[in-house]
Structures are given as C-alpha cells and as structure tokens.
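The data blocks that follow each hold one structure.
Both of the next two complexes hold subunit A, though its partner changes from subunit B to subunit C.
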Partner chain A sequence: MKEIVVISGKGGTGKTSITASFAMLGGQDVVVADCDVDAADMHLLMAPDFGFTEGFYSGEVAVIDQSNCVLCGICLKKCRFDAISVIKKQFVIDPLSCEGCGYCSRICPAKTIINKKRLAGKWFISQIKTGSVMVHASLGIGADNSGKLVAKVKNEAKEIALEERKDFILVDGSPGVGCPVVSSLSGANFVVLVTEPTVSGLHDLKRVYELVKKFHIKSGCIINKYDINPDKTGEILQFLEENDIAHIASLPYDENFTRAMVQGQTVIEYSNGKLTEILAESWGKIKQLTTN
Partner chain B sequence: MKIAFTSTGTTWDSMIDPRFGRTENILLFDEETKELTVVSNDDIKNEAHGAGTATAQKIFDLSPDVLITGNGPGETAEKALKNMKMQICVGANDMTVFQAYDLYKGGKLKVL
Partner chain C sequence: MTERNTMKIAIASGKGGTGKTTLSTNLAAYIAEREDVVLVDLDVEEPNAGLFFKGELTHEEEIYKMIPSWDESRCSQCGICAKVCNYHAVIKLGESVIVFPELCHSCYACSELCPENALPVIRKKQGTLREFSNQKLKLVESRLDIGEEQAVPAIAKTKKNVSSRHGGMRYAIFDCPPGTSCPVIEAVKDADIVILVTESTPFGLHDLKLAVGTVRELRKPFGVVVNRFGIGNDDVITYCREQNIPLLATIPNNRKIAEMYSIGELVYRHFHEVGEVMEHIVNYCINIVAEKPA
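Moving on to the complex of A and B:
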C-alpha cells in the first residue's frame, strides 16, 4: 500500500479537482483522504454517504457550572480574552473567544469553572461514487485544522487501506507550509505538486518544495493552466529540472474545470476530451513513479 | 551505544514509523545490555501542534547515540536534535525495526 499526497502551496491551482479526477481513475484501488480540512470540498465531487460520523476534540474550552457560581465576577475581570460576559445576571463564557487557557478555572473561588475538551468538528468515513471509501472531516465555526486532525484522517484511511488491501491512499493535502501540511506529508511515498504559471504559483511551489525535500519524498509536478503565461511556465519547468522533480503533465486552461465543479462532477466525468486523456496519462505516471 | 527507532509497534518485527513527531512509539535498543525498551508516544501524537519539537524533547531525555527514522524530522526538530550530537539516520521507510538496524549496521542508511 502506497501513499500519494497532492499539495499545491498556493490555493486555486486546481489541486482538489485534479485529486478528485485521480480518485475516479483509481476507482476501487484507492482510499481517499481529504486532509484539506480548513476548506474541505472534496466531498462536493465524491458524493459521500457520511456512513460513519464521530466528533473530533482538540484543545480545551472553559465552562461555568451555574449552580455553584457565587457571582463574584473575578473571572470576568481576569479573562484576557474578554470571553466572559454577564447575560441575564449569569456569568457566561463565549466559546469562540475562550482560548482554553484555564486561568479562570484556577482562580475561581467557588471552583465552579472547569476546562472541557473542545469539540472542534467531526470526521467521517464515507462510501463514495468511485466504489471506494473516503475519510474526511469538517470543522466547526472558528476551529482550525491541525496536524492532529490530519494525522487522524490519514491513519483511519491507512487502516482501511490495509484491511481492504487497497493499493493506494490518495491524500488531498492541506495548503501552506504549516503544521497540517507537515502532517499531510509525513509518511507519504510520493508527492504530487500542483501549480500554475503565476508569480505566487511559482513562489509557493518553491516554498512547499523545501518542505518536501526536508522529508526526502519523491515528487512530481503538474502545471495547471500552463498556457495562460508561457514565460512563467518556462520558469517552472526550469525549476523542476534544476531540482530533479518529475514533470508529470501540463494541463491547458479549460473552463470545463469550473463547469464540472458546478455540476458536482470530476473533470473526467464531465468532459471526455483531451483533458481526460492527459489526466489519465498523469495518473498512470504517478502510479509508476510511486511504486518504482 | 543506544539506538532509538520510531516505530508503529513494540517489537523488532514492528514497522518503522515514517513519521517522526507523530510516531506511535519510540523503541530504544541498548547494544550493551541487548535490551529493547518501548516508550509510548501517545501523549505527543495527540498534540494539535508542535509534535516534532515535543518528540525531540522526548528523544533528548532518552539520550540515544543514534536515531533511526523514516521521512525524517522537520526543520525545527532536526535543529534541536543536531544540537544533541546524535547521529540521525533517515530513509528507513517500509521496513521492520530489525531490518532498519541491520541496514544501519551495514552503513546503508542515509545520515543527516
């Protein structure tokens, strides 16, 4: 079982559309893991059934047990995050403002404030239209993605892949270069870098590649919308060559990307033309590069 | 020599965990006493952030001479580990702890 992670560094390069197409092409051989949890949208294209749902807890939040509150107001005065207010003569903690530092609970004379584990969101195991399984998650308002949540989603996907003897785990990675991306990359066998020929596309590709290099993972690059800026595409190709990154494919700008998304379909379901051909070729190359 | 491995399990036949910060366990082998000790990393792998540096701290407390892992530690954890004057071997992916030890003995693992 091999783990393929798709990342982009920059948003809007077409990472998820391309990952979803690979999931379709891989069909039953592929367990999908959506680790782009901040803005999870893979589920829009995969028709998941949300068959298994469980809460995900991360960090802490303070809660006041009103029955023992002596209304002294010390917590309100001391809270640095202005998370406590008086509503209908009761001291109430706003969970969105509370940082879970636990100071109020320490200083409460009535010992009636406790820190509870914070429900950050939910994670799911779904049957999807590819005939396989997807592990994904959704976060509550104001909650942020973390290395922990990414590790959770990936580990579940890994267990399913081992149990059901699947060949690949396909991970839609997190954006940027922070903790969730590190967690997305960690343990991967191959990384697909999706970029576009823009100034920030190239800049963010270089930045995220530093991370990939750090973890000694083989990688290949797909240049999406390569024809919108031939000069930048040239610069990207040069960067790939200098760093020994495989150039998997260049995809032309194609409005079918957006049209497919609007229909809740992957690109390869929606259009049966040149694009599908290139994507199928790319998937073949990726599989080959991963297993060799 | 004391050698630390990141591992998904608890024995010589367990797989190397390719992840450093969020490894399941750290196995510590003492070549003199031939003893293999298991140190659970449960507390750290459940941290939302900063798993790499926290695991580096744990490794520091175990003070091995060699660390053998898979993809390798990230930038900050690597910096911390390098200050501990230990040898860091990476690339032991998809193999058991025993196989990794064998490769290390043969000088076949990549050293950071």
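Moving on to the complex of A and C:
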C-alpha cells in the first residue's frame, strides 16, 4: 500500500479537481483522504454517503464558573492569548482566542476555571461513487489543531486501505507550508505538486518544495493552466529540472473543470476530451513513480 | 492595539486562490494614489503580496516566539513543568527536561510555575518581517522559515509591529491566510471590516459559507466580492441575497486578467472596470466604519 499526497502551496491551482480526477481513475484501488480539512471541497465531487460520522475532540478550552469567581483578576494577568476580558464586571473567556493551555485554571485561587475538551470538528467515512471509500472531515470554526485532524483522517484512511488491501491512499493536502501540510506529508511515498504559471504559483511551489525536501519524499509536478503564461511555465520547468522533480504533465486552461464541478462531477466523467486523456496518462505515471 | 484613526480592512476567503492577494494589492495601490496605506501580508506561510509591489526595503527584523529553555543547574527534578504543559511540549525523561519548540504555544505556564526558576523563556526565531516602501504605500510582510509550523504567533507579532510602527496610517489592509481555522481568526479578529473574496463555483460557495460562519462568529461587518464572475453558476449570488450579505462587487472572469496577474501586474491599472470596483469597495468600507457604533 502506497501513499500519494497532492499539495500545492498556493490555493486555487486546481489541486482538488485534479485529485478528484485521479480518485475517479483509480477507482476501487484507491482510498481517498481529504486532508484539506480547513476548507474541504472534495466531497462535492465524490458523492459521499457520510456513512460514518464522529465528533473530533482535540485540545481544550477554559470555562469560568462565574458563581465562585472572586474577581481577583489573576487569570487575566496570566493569559498570554488575550482571551480573558472584563465585561460588565465579570471575567469572561473568549473561546476563539483561548488556546487551552490551562494556565488560568491551574492558578485560579477560587478553582472556578476548568478546562473542557474542545469539539474541534467532525470526521467521516463515506462510500463514494468510485466504488471505494473516502475519509474526510470538517474543522469547526476557528478551531486549532487542524494538524491533528489531518493526522486522524490519514490514519483512518491508512487502516481502511490496509484492511481492504487497497493499493493506494490518495491524499488531498492543504495549502501553505504550516502544520496541516506537515501532517499531510508525513508518511507519504510520493508527492504530487500542483502549480500554475503565475508569480505566486512559482513562488509558493518553491517554498512548499523546501518542505518536501526535508521529508525526503520523491515528487512530481503538474503545471495547471500552463498556457496562460508560457514564460512562467518555462521557469517552472527549469525549476523542476534543476531539482530533479518529475514533470508529470502540463494541463491547458480549461473551463471544463469548472463546468464539471457545477454538475458535481470530475472532469473525467464530464468530458472525454484531451484533458481526460492527459489526466489518465498522468495517473499512470504517478502510479509508476510511486511504486518504483 | 487600537488606533482610532486607522481603518483596518481584512481581505479573507475560505477557499485558496480566489483572489485575496489580487484584491489586497490592487486595493492598496489604488488607495495609495491618494492616501497613506499599509498593506500587511498575514499569509505568513505563503506570502505573495510582495510579488506585486515594487518598493525599497526600509526595515527588517526577526520574528520569534518565546519558548522555555531548561537550566539544568537550577532544576530540582520536581516535574511540575511537564505536568502543567497541555501541549506535551515539555517532558521529563529520566533526569532531563526536554522542550519541543514546535509544540510550544508560549503560554509561560511551565516557566512561571517552576518553583526553581529553571525554565526561563528565550526567543526562538520563526521567520522574518520585512517592510517595503513606495511613496504612500507601505508593505509589511512576514514569512515563516520553512519547517516552522505555527502561523498564529507570527501573525500576532506582525500585527503588533504594524500598530506600533504604522499606527498613524489612514488605512491598513490585511491580506489574510486562506481557510477558517486559527490563523484566519488571528488575522481577522481586530479588523474593522472583512471582505470575503470568492468565486462563483460550487467550491467557492461551499468555502464562502464556512468563511461567513467565521466572520459572523467574530461579529464583524463584512461583504463579499465575487471574482472570476461568469464562470460556474449563480449560486453564490443567490446565497448572498438570501442571507442578506452585501455583495460589494463582481470581477469578471477574463483570461486577460489572469494573464496580467500571472506576470505580477496590478490589474486595475489596465482594466478600468476593476478600478471602479476598488473605488466602490473603499467607499463601502468608509461608510460601514463610519456607521459603526463607538
């Protein structure tokens, strides 16, 4: 069982649309994990049945019982997250700012602050239209610990893949270079970098590749909308060559991706054109690069 | 950190790649033709605003977070530090105390509750803050070092820096990270108004709903700008109407605009209608903030 992670650094490069296409092409061989838990969109294309749903508790949040508060103000003085303020002569904790360190509850002389487990989101196991399984999640508003939810989604997907003897886990990763991406990358066998030929696309590709290098994972790159800027595409190709990153494919600017999305479909189902052909070829290459 | 005279406009979106940076940079440059404005790139993981800005580097400093460092000579092996750390960032292994900086949230509990003062806090570099200047426009960007995972403290530091160095600016525009989780909350929480950028696609709509949930939770006035309008469908427009969300502007889906962006050009200088959109957004923000009860 091999793990393929698709990331992009920059958002909006087409990462999810492309990953969903691969999930379609991979069919029953592939367990899908949507690790872009902060703005998960893959379910919109995969017709999941949300067969299993569970709350995801992670981290804590401080809660004050006002009836025992002696108004000493020590909690406010000690909080490093500006989460405690005085409203109408009461000390009030803003759960969005509280990072659950528990310092206030430990030092409260009246013992009137307690730390509670925080419901950080939900996660799901779904049957999807490819005939396979997808593990996905939604993170609560302003929740911390997205890295932990990513790890949860990935680990569940891994267990299912092992149990059902699937060949691949296909992971839709999150944007950026921070903690959720780090979580997405850990344990991967191959990384697909999706980029676009724009100043931001190239800039973000370089940064996220720095991160991939730290993990020593083999990687390949897909340049989406390569034809909106041939010069930048050239620069990207040069970067790939210099860094020994496989160039998997260049995809043309094609609004069929969006038209398919509006129908709740991947572009593979939507049209039989050139794009589908390139994507099928790309998926073949990725499988080969991953297993070799 | 409130300065009464700076209007803080946060540009955010649930989905990545909808045009936050395009809107932030164009809006800032547009305003700077007449008034002082500081553009603050709070997408510290992937800062891009600087790619659209030509200016002179005027300031540079390290950004750091505070972490405990173990002073073995003072330690009495009581183990309180490990017990009080909710993040497992401080553990006691045999007779040693080990600190994991990437797990530390800088709450100071271990340091201040240590009876021997054996865990003084020290600075740990997270990235670099740079400030660029071009006439009335200032750009402040922070970028995390690769391998640094925590965006929130870097965002908080950047905002603090901006209010102390640029408190007198008429406008501050925050280019926020994508998503709805803790970094976005940190970026948006002291803005006067939030502009959510989306696109008229199912992904755009889905993530817009998440972003709307976030700004409503924060009780911020907000409006929506639909980018690449014309692609996809009308569901975003219908949603805004049903939810009584002000739709500030639409920017048409135009391959020429995408090409302009791809080379790092400011779009409003080439497309008159985009300039009008900027004018409209500025006026909208001024009106909303003027109406806000003190």
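The working rule: the second predicted complex is superposed on the first by the 246 of 292 C-alpha atoms of A that agree within 3 Å, B and C clash if a C-alpha of one lies under 4 Å from a C-alpha of the other, contacts with A are read in each partner's own complex, and residues count from 1 in each chain.
Following the convention adopted for this analysis, a residue touches a chain if its C-beta (ideal position, glycine included) is under 8 Å from a C-beta of that chain, and two chains touch if they have at least 3 such contacts.
If you're wondering where the values come from, they're calculated on a predicted model, not measured in any experiment.
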Next item on the list: Quick one: classify A:S186 as touching subunit B (first), subunit C (second), both or neither.
Entry: first
Next item on the list: Considering only the touch criterion stated at the top, classify A:G147 as touching first (subunit B), second (subunit C), both, or neither.
Entry: both
Check: Touching A:K214 in the superposition: subunit B (first), subunit C (second), both, neither?
Finding: both
Item checked: Partner chain in contact with A:Y103 - subunit B first, subunit C second, else both or neither -> second
Next item on the list: Using the touch definition from the top, say if A:G176 reaches subunit B (first), subunit C (second), both or neither.
Entry: second
Margin query: Is A:T53 touching anything from subunit B or subunit C once the two structures are fitted on A? First, second, both or neither.
Written below: neither
Notebook entry, point to check: If you stack the two complexes on chain A, which partner ends up touching A:E255: first (subunit B), second (subunit C), both, or neither?
Noted result: second
Next item on the list: Tell me which of subunit B and subunit C touches more residues of subunit A.
Entry: C
Next item on the list: Take the contacts of subunit A with subunit B and those with subunit C, and give the residues found in both.
Entry: 59, 146-147, 179, 182, 211, 214
Notebook entry, point to check: Contact residues on subunit B for subunit A in the complex?
Noted result: 17-22, 45-52, 70-72, 74-75, 78, 90-91, 93, 110
Note to self: Please output the residues of subunit A touching subunit C within their complex, sorted ascending.
What the structure shows: 9-13, 16, 38-39, 41, 44, 59-60, 78, 80-81, 96-97, 99-103, 106-107, 115, 139, 141-144, 146-147, 174-179, 182, 196-201, 203-204, 207-208, 210-211, 214, 225, 228-229, 231-232, 253, 255, 258, 261-262, 264
Notebook entry, point to check: subunit A touches which residues of subunit C in the complex?
Noted result: 14-18, 21, 43, 45-46, 48, 51-52, 84, 86-87, 105-109, 112-113, 144, 146-151, 177-185, 189, 201-203, 206-207, 210, 213-214, 217-218, 231-233, 255, 258-259, 261-264
Next item on the list: Show which residues of subunit A lie in contact with subunit B when the two form their complex.
Entry: 58-59, 146-149, 151, 179, 182-183, 185-189, 211, 214-217
